[in-house]
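Before anything else, here is the set of structures, which you'll find just below.
Each of the next two complexes has subunit A plus one more chain, namely subunit B in the first and subunit C in the second.
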Partner chain A sequence: MAATVNTRKLARTMLMPAVIILFIWMIVPLLLTIWYSFQNYNLINPVNAGFAGWSNYKYFLTDPAFFQAFANTLILTLSVLAITVIGGILLGLLLDQFIYGQGIVRILVISPFFIMPTVAALVWKNMLMNPNYGIFAWIATRLGFAPVAWLETFPLLSIILIVAWQWLPFATLILLTALQSLDEEQKEAAGMDGANFASLFVYITLPHLARAITVVILIETIFLLSVFAEILVTTSGGPGYASTNIAYLIYHQALLDYDVGGASAGGVVAVILANIVAIFLVRLVGKNLDA
Partner chain B sequence: MARAISPQKKWTFTILAWIVALIIFFPILWTFLTAFKTEGDAILFPPAFLPPHWTLENFFEVQTRSNYFKHFFNSVVISVGSTLIGLVIAVPAAWSMAFAPTKRTKDILMWMLSTKMMPAVGVLVPIFLIFKNLGLLDTLGGLTGILMLINLPIMVWMLYTYFREIPIDILEASRMDGAVLWKEIVYILLPMAIPGIASTLLLNVILAWNEAFWTLNLSAANAAPLTAFIASYSSPEGLFWAKLSAASTLAIAPILILGWFSQKQLVRGMTFGAVK
Partner chain C sequence: MGKIVLEGVEKHFGNVKVISNVSLTVEDGAFVVFVGPSGCGKSTLLRLIAGLEDVTSGKIYIDGVNVVDLPPAKRGLSMVFQSYALYPHMSVRGNIGFGLKMAGMPKEEIRTRVDAAAATLNLTPYLERKPRMLSGGQRQRVAIGRAIVREPKGFLFDEPLSNLDAALRVNMRIEIARLQKSLATTAIYVTHDQVEAMTMADKIVVLNAGSVEQVGSPLELYERPDNLFVAGFIGSPKMNLITGATAEPYGAATIGIRPEHLAVAGDGDGWAGTISVAEHLGSDTFLYVEVPGVGLLTARTQGEVAFHAGERVMLHPDPARLHRFDKSGLAIRN
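== the complex of A and B ==
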């Protein structure tokens, strides 16, 4: 299409609002965060204000809470990734078979993804994990074990289970979609050549899924690095810092301790960590854009 | 031709899939059932699967005690409002990049995607202070604006992947017929773009409805949407499971039904077109 000067001008005018708005959204709050991170700025102690140098960073990065929150963030993210990707592949393979009532099965499996995080977390916390009346306690007593106070005894594991339940449907749906695009004839040809299920899976299915798996890992990572609502309504990060991740730690410093400077330093750290992950994702999607 | 599958295999997979699906769906089913129980029946141990005494009491209680409809209304305003405003900005942008791409188009798309990588918590402090100073805390306008901003990159991307599939040859044909640009847009491209726009709308309403970082941090009694409303049930003294379940059911039912219709859009939108 031979674009005239006019259409080009029009195209640019149509693009500009989105670019300008996103640019402001990206740059202004980030610059403010960096600015605050070098200030002594506490909302309940306005007297002690001024340039703080690197002290906010020093304080944040050497705080034992940071180490624990960092470790918890990693454990949470990696565990949920492992559960959802492996579970998603298995479920995807299962749902790709001939099943009576496949449409309904799909709807049941995908449903947790549409449940808002606060509902998911509160339902799990109370009706499933409660040690006195919960379903898990009932199952435990039926099997002859003592009921467990899940959120007090295994706070991080409990949150991992809740978050994995929310994200397993996403992984399943993406991987199932990818599986369905696998050429049936290719599989049959391999089957006739005497390939069994295991070698079919390793040499044909898995390579075909590689791109979808990468996408699932990277998209989920963005969201998993900043899990927040599930922690807020279940454990509030506790006991101690046992289930505090970086997102919750920063929230705690900012809105509960009113430490604007410290929370901002934490915010900058979170942005840097997320960017390391982001670089990979942008590259990956960029490649797919060419394809 | 596909090989015949033995009935035995069919039934094995069917039974296995149904068991797994019911386990995954169980927490939601349990919430629905508990919503119709009395508070006493809700904490029976061993649990009663079906409500021993069916009741609608909880739904009325949730409304009269905590004004459910106000928060429902807030959720609708915020999710639909942010999506519509976002579309007004995103449609022209995606349109321009899909139909008049330049050398920089790919870079712009990548950059838009990268803004989505910014962890919300990294800008919590300045946004909170800006909202505080401008009087935007706990207002519907403020929340609508924020959710529009966080979903704008997804909207542009989704629309772009849809628009790109519109066959451009049709434009050439109409141009030869002497159609002017605005006629081209209104009569030829718009009808073909509507399914893509509708899909984008659907997915973004769902995402905004369930957003639970900004809505929790920037709202209080006044503008709280359902995410924040439900969070108020987390206090230990508020352990009323039947009422929690009734409120939860009301909060998730509309979006769950929308979600069932959006599986394809979900795959496409959440993977930025990388998996279709």
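== the complex of A and C ==
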């Protein structure tokens, strides 16, 4: 759209207040965090205060828990992305077909998204994954297997399942709408051109979905990098650090170890890592969003 | 090769009969136009032939083979859609070559055939562009390129020109007709525009409410309409249809006279009336004449005439060009 110089100027002026507020909203916490990250600031040791130099960073980055948390964060994010995008496409394709009670089925599919993360995690922890009275345990014993203590045996996998369950509806919803916007005549044209179901999917449907997939990946990544509530109410990051991600590690540092300085350093590291991921993502998939 | 024969084809959607008992023959190499008002079933009939819809009953033969159970791709026809239905993420080359790629043709051969098709359609400079970077007319040509590159037994056109502006439509009309003649491939063309039908067709099939009203060459339909519907549908401006006392002396329930067969004079015999509107087009003048007891009649005179709105004129129908219809709307011929 070509805008005249005047409308562009007007648009910028009108945008200004919002941009300024957003900027302050972002920059104040960031500056404070950076400030604290260079301070000795431990709540149980108020005597030791003052400038700390890089020691908070050294401490955080050399902590073996950091590497595990970093790996866990990546595994969690990538696995949930893979499950939700692939699962979302498959569910979208299914829901795109006509079925009786379509409206109800769609509401059922979408409902997990409306459940609070803490509630969802508790439901999974107590009703599904509990080795004594959970449904999975019941199924396992019915089939003659020993029940699995999910959260103890496969802590990270359990978290991945819970988070994927929560985000699958979102992916399905976005991808389903994208599927529905695929021109019927295009499918028919491909049919006349001799495309079977597989080539129709590969050559027509998937390219059409590219933009929607990009949106799903970008939005989900933002939230998946900072998964917290699900971990807190289920495994508390354990056993050991087996299900601790960076967000949880920072929480651990600040509110369990009372080390505000160290946690702030962790926060700054997380911001840097998130930005690296963001740059990669925008480079990799962001070009799909052009026009 | 490409003779298409329909035998008693019917299509129902639930209880609604969309196509009832259509039988017709499309000769190899012919350009046949299905024309009718919107909702008459012409697009459905085309989709039945294409295989995009299943027939409820009846048979469709392409080169003698009954194809009603074959999927669209196996029927050897290609289709140009109203929306063009180009693949937006593929280049023009990808679009035109997609059918060949699906058929598993080697890359080199696809390339030569796409190049040839693009050359025919003046698309060579645009081969690497995406459809969204093309104008409406160019997209239209890509859609046609996609159809011709497969060298099908027949082309199916579903109102392909309705998204173009008037000037471009006339150009594309000529281009499509010329292309079809040079390829000598059977073509079925659906339109609601009787001008397109008259100008392009070897044979016109007039459809109304799911059945065939009349089949014939453009001039046959113009000169000898079988019934009131065809009489009113073919020809622009429309044929004047007069009922009641004026028609009785001719021994018909309705008489029809085309605007160009009404002689207009300042005096003499005929129907006396007052011009309510005069449209001066330069090449023609359309006069809308209010005749008491008969109604509003349209008269067409060649060139510029000195009649203006409000004047009284006499309309004299050419008796040899008068069409007579009985009560049920069928033509009376003697």
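The definition used in the following text is that the second predicted complex is superposed on the first by the 258 of 291 C-alpha atoms of A that agree within 3 Å, B and C clash if a C-alpha of one lies under 4 Å from a C-alpha of the other, contacts with A are read in each partner's own complex, and residues count from 1 in each chain.
Following the convention adopted for this analysis, a residue touches a chain if its C-beta (ideal position, glycine included) is under 8 Å from a C-beta of that chain, and two chains touch if they have at least 3 such contacts.
As the structure is a prediction and not an experimental result, all values here were calculated from the model.
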Which of subunit B and subunit C A:Gly50 touches, first, second, both or neither: neither
Which of subunit B and subunit C A:Arg12 touches, first, second, both or neither: first
Which of subunit B and subunit C A:Pro207 touches, first, second, both or neither: second
Partner chain(s) touched by A:Gly144 [first = subunit B, second = subunit C, both, neither]: neither
Superposed model, subunit A: greater residue contact from subunit B or subunit C: B
First, second, both or neither for A:Leu232, with subunit B first and subunit C second: first
Partner chain(s) touched by A:Ser199 [first = subunit B, second = subunit C, both, neither]: second
Which of subunit B and subunit C A:Pro64 touches, first, second, both or neither: neither
Which superposed partner A:Glu188 touches (first subunit B, second subunit C, both, neither): both
Intersection of the subunit A residues that touch subunit B with those that touch subunit C: 188
Subunit C residues within the subunit A interface of the complex: 50-52, 71-73, 77-79, 81-83, 85-90, 98-99, 102-103, 132, 146, 150
Touching residues on subunit B, where the partner in the complex is subunit A: 2-3, 5, 9-11, 13-14, 16-18, 20-22, 24-25, 27-28, 30-31, 34, 43-47, 89-90, 92-93, 95-97, 99-100, 102, 106, 108-110, 112-130, 149, 152-153, 156, 168, 171-172, 181, 206, 209-210, 212-213, 216-217, 226-228, 230-231, 233-234, 239, 241, 244-245, 248, 251-252, 255-256, 258-260, 263, 266-267, 270-276
Interfacial residue positions of subunit A with respect to subunit C in the complex: 183, 185-186, 188-195, 199, 203-204, 207-208, 210, 291
Footprint of subunit B on subunit A - complex, ascending: 1, 3, 6-8, 10-12, 14-15, 17-19, 21-22, 25-26, 28-30, 32-33, 36, 91, 94-95, 97-102, 104-120, 122-128, 132-133, 135, 137-138, 141, 165, 168-170, 173-174, 177-178, 181, 184, 188, 211-212, 215, 219, 222, 225-226, 228-229, 232-234, 246-247, 250-251, 254-255, 260, 263-264, 266-268, 270-271, 273-275, 277-278, 281-282, 284-286, 288-289
